[in-house]
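Here come two complexes built around chain A, the first alongside chain B, the second alongside chain C.
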Partner chain A sequence: MEAVQNFMELSQQVVGFIYPNEIEIHWSILIVVYPYITGLVAGAFILASLVKVFNVKELQPTYRLALLTALAFLLIAPLPLQLHLGRPERSYEMFMTPNLTSAMAMFGFVYLWYLMSVLLLEIWFEYRRDMIVWSGEATGLKKWTLKVLSLFSTDISEKAVAFDKKTVKVITVIGIPSAFLLHGYVGFIFGSIKANPWWSSVMMPVVFLFSAIVSGIAIVMLLYMIIMPLRGGKIDMKCLDKVASFLFYAVIVDFSIEVLDFIHRLYESEESIKILSQLVTTKLFMSLVVLQILLGMLLPLGIMVVIKVFKLQEELRRLLYFVCAVLIQMGIFSTRWNVVIGGQLFSKSFRGLTTYKMELMGIEGFLVALTLLILPFVILSILIKLLPPWKREELAGN
Partner chain B sequence: MDRRDFLKNVCLFISSGAFVGGLSPEVWAKMIHKDYDPAKHYYGMGIDIDRCIGCGRCMQACKTENDVPDVPYYFRTWVERYVIKTDRSVTVKTISTSLEDPADTFVEKDMLRSFFVPKLCNQCDHPPCVQVCPVGATFKTDDGVILVDEKRCIGCRYCIQACPYGARYLHPKTRVADKCTFCYHRLVRGLLPACVEVCPKQARVFGDMKSIASPLGRFTRMNKTHVLKPSLNTDPKVYYANLDGEVN
Partner chain C sequence: MKGFLNKLPEQAIRVIVVFLVLAAGVFVIRQFIIPPEMKEPTLQKLSSMEREADKEVKYAGAQACGPCHEKQHDIKKTGYHRDLSCESCHGAAQKHADNPTDVKPTSPQKRDYCSYCHTYNSSRPTGFPQINPDTHNPRKPCITCHDPHNPKPPQTPRSCTACHAQIERTKAASYHALLGCTVCHSTPEKHKLSPRTVTPTKPDTREFCGKCHDKASPGKGVPAVDMNAHGEKYVCWQCHYPHMLGGI
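This part shows the complex of A and B:
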């Protein structure tokens, strides 16, 4: 009865005509969280790969942090999907009888490949020597945890460590296309739906990819600025400036692609343009125009231009970088919202708009989404405790 | 019959009942409809817009026949009313089957034309819902009907997103995707879909596309037909006669 009441209220807010079954928004806030999280994973990994593959030495202090961040978010990535299923107990069917023509069926395989063959492997080789050394120094539970994590390997000879380093490089090279695959694939899930003109675009995977890189770099930058002082270290400004530089370029590319997509749609002006214009100027005005474009993209871009043009003091720079990173996170989250929710707010009859009313408590509600967004940080804090991204000398050296 | 025979018969009766009851629905269907060969049919529907009077009996019959939730927003089939005014503005509304909901009235001199459009799953020949289903729960039968295996569907709702016609919904009780099946359970018994059966104006015509003599064969011979959203290349098997260009 409550559901009936809810839908009747919703139907009052429908503008124009929608197909009757469209009254229910099927992909909720949880499906907004999912691409946001995988984006952070892919982006953080790309930042890490800059150090190993492209030899950007200045970024070294963020390398391990970026890897751990990617892992923390990746571990949570399947949860929003699982929770949103109508029959979550059957999710294993995706592995047992995957439909090979379905983009979504590949999720499990893409995910497992990325988790097992890229991220875990790279982190293991990167930390192997340290885990052996640390397990020698530690006692009790931590000692044994580290021993298990290092898979009881003991070889820390120069030859073995050299092999580790080489392997890390190889994995990173494989990891870059894999990260592209992970998030480009999420874009494809949306971009390949021809029924939905807001989603159906060959640009979708590319837009997803670059926005992922933007959000990933920004989250590592943010975490670096918060965690480094907390662990008693000093923020390496050279590193921070370099991260900000890459962030700046990534935002420019991302913005250009999105503008291109926008202009292309407007110029082609297909059948759906009227309803999509109505969508953007009414239901999505706040989240798209204000949050995503003005506050989430143009303002941080402006700030970064100011930082680059005027040689500002260190402290002011840090503050502005921090503000930029926070704004960008909000902007990218809005981007995900506008894609996922925005794509369901207009009727496929192109004659009307509906409304999404987010639940607070339900399984697909605000609180669950918030928990899913907080969980990766909890995991990250445990990972950082167990596998510190910076050695004591590094912290002291700064 | 002595007591011994009676007990023997009771035992036989109970055990045979348990045997029959334990059979899966698929086995049941095969036993009952052993003469039915899906490969010999290919179903489609014809809808004559000019015949539909918007009585909504098809909507009601469908809900009753298929246990569709009795609320005004989940439908396997529904009827839209189009009103195009002299200023070319278009008003569309799903008609209500409730007597409490009075139909909208329009001033006649303002109206250019008005008509009803029955809608349902188009049973596409290139169904996007089948393509995107991650577990193969949505599938096309040999006789061309798109069905959902409700025991396999995981409720991800990708098919609902992929359907250009808004023909699918998530069943609130089973939590799996649901849609029109052309009343498949009736077809295999040689019956018509419920909506076709009850239509007082024969606006809906059902038939076998493999048979030139079927009602659908005749319908497509006698009318110029059109399908919904042909540009999406879904190849619908619901054919409309006298369809207005405003309908999508």
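This part shows the complex of A and C:
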């Protein structure tokens, strides 16, 4: 009965002609959360790799934080999909009986590769020496957790530590294409859906990738600015400025690619262009034009230009960086929303639009999505407790 | 080999062991726990084909009834219901075809069954015979007047509404409400009997509308336009759909 009522309500929101199976949207807010989270993972990792591979010394204070952030979000990334599909306990079968012809099934392997062979390994080698030292200092449960995590390894000779360092570097080099793959793949899955003109575009993986880098850098910047003072440290302005300037360039690249995609579509003017422009000017006006482009991109870009041109003082700069990073997060979340929800709002007949009505309580609802967005931060706080990203000397401000 | 292993630092060996254990786990699950047909797509296909083939056959098909029910088959063949299969009304009848004396199919004698297809609904195609069951000879079963196997109406429909109800309704609310359909469509009587083979005419030039709307020779009380300038070269109904003039 409720379903029928829900359907009747939706059908009154429909504009123009739409096929019966298009009235209700099936990829819900959970599918919005999923590319948002994987994007943060890939972006945070790229920031970390700037330190190890490209030797950007100023960014050192964010290195470990970026790795832990990536891990915390990566652990949650499959959850929205599993909740959406149901039967999460069967998901391991994807690895046991690989289906080589399904792009979605193969994504499981991309995920697994990234988790096991890149992120966990890199974090393990990075922290191994510290874990051994800390487990010597700690007592009780923490001691044992650290011991297990370090796989009972004990060698902290100079030679062993040098080996760790070298391995971390190698893994990071492999990790960069892997991170590209991870998020490019999410874009690929959307971009390869021929029947949907809003998605079907070779630009999709690239657009996804750069928006991922933008959101990842911004989230690490935010976390750095929040956590550092909480742990009694001082924010390193040199580092923050550097992060911000990388963020600035990433936003510019992301913006130009999206504009390119847009112009390309306009010029090509395929038969879908009418309905897509109607989509953008009506149903997606708020989330695309206002939130994503104006507030999520142009405003932060403007603010960062002002910061660069007027050489503002430290206090003000910090405040503005914070505002920028928050705006960018919101903007990128809207980007994901506009791709996932936007792509389902118009009819394949190109003659009508429907509406998405978000549930509040259900498994595909707002509360679940919110929980999924909060969970990574809970995991991150545990990770930071266990594996502090900064040593005491660093916190003291040196 | 031995030398190489010795050269590896101990932590690397630990990591390798962890990965080997995981790989062994996968191997064991794949080898001993997962049933073979889940791993082999051809086996999967085979078993689902078997599963489908094992299903009971319920419908005999459109060709099956003719040999035993020649009478119904022959009259239906030429009637309006020629495209309907027997089982769309009589239900699945494979069992009856196998064993005609013991199993009898049902026959839908009530009005509501015919109404599934014939109740007025604007999404049905132009000309599909539709009625309003509340007003069309209410309460009597349809089959008292229409033979289900050859549903020729007992008399030729008088008005176009019988089959063009949608157009009739919108026209009734338009500026042309007072014009009969035949003013614009000269309709042969045969159209009402075999609508698909004999079709009425449709206006095909601007001048057709100009007969009444030309400024040069305006009809009485008819709004007039300059035929040379108004609407450029387009036919009038590209802008004014004649059955529905609510807008312009």
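List of remarks:
The working rule: the second predicted complex is superposed on the first by the 385 of 398 C-alpha atoms of A that agree within 3 Å, B and C clash if a C-alpha of one lies under 4 Å from a C-alpha of the other, contacts with A are read in each partner's own complex, and residues count from 1 in each chain.
Please note the rule applied: a residue touches a chain if its C-beta (ideal position, glycine included) is under 8 Å from a C-beta of that chain, and two chains touch if they have at least 3 such contacts.
All figures in this text were calculated on a predicted structure; none of them were measured in a lab.
Once the complexes are laid over each other on chain A, chain B and chain C cannot both fit and instead clash.
Using the contact criterion defined above for the overlaid structures, shared-chain residue A:F152 touches chain C, although it does not reach chain B. In the superposition on chain A, A:F262 makes contact with neither chain B nor chain C. When the shared chain is aligned, no partner comes close enough to touch A:F54: not chain B, not chain C. When the two complexes are overlaid on their common chain A, residue A:L121 makes contact with chain C while staying clear of chain B. When both complexes are overlaid on chain A, the residue A:T97 reaches chain B and chain C alike. By the touch criterion stated above, A:A105 is placed in contact with chain B alone, chain C being left untouched.
When the two complexes are overlaid on their common chain A, residue A:V4 makes contact with chain B while staying clear of chain C. In the superposed model, more residues of chain A are touched by B than by the other of chain B and chain C. Residue contacts after overlaying the shared chain place A:W144 against neither chain B nor chain C. Contact with chain B, but none with chain C, is seen for A:K348 once the two complexes are overlaid on the shared chain. Within chain A, the residues touched by chain B in the first complex and by chain C in the second are 93, 97.
Only residues 9-12, 14-15, 18-19, 22, 26, 29-30, 34, 38-39 of chain C touch chain A when the two sit together in their complex.
For chain B in complex with chain A, the touching residues are 71-75, 78, 80, 90-94, 119, 128, 130-137, 152-158, 160-170, 172, 175-177, 232, 248.
Chain contact summary for the complex, chain A toward chain C: residues 93, 95-97, 116, 121, 124-125, 128, 151-155, 159-160, 163-164, 167.
Across the complex, chain B is touched by residues 3-4, 7-8, 11, 16-24, 26-27, 81, 84-88, 90-91, 93-94, 97-99, 101-105, 107, 189, 192-196, 344, 347-351 of chain A.
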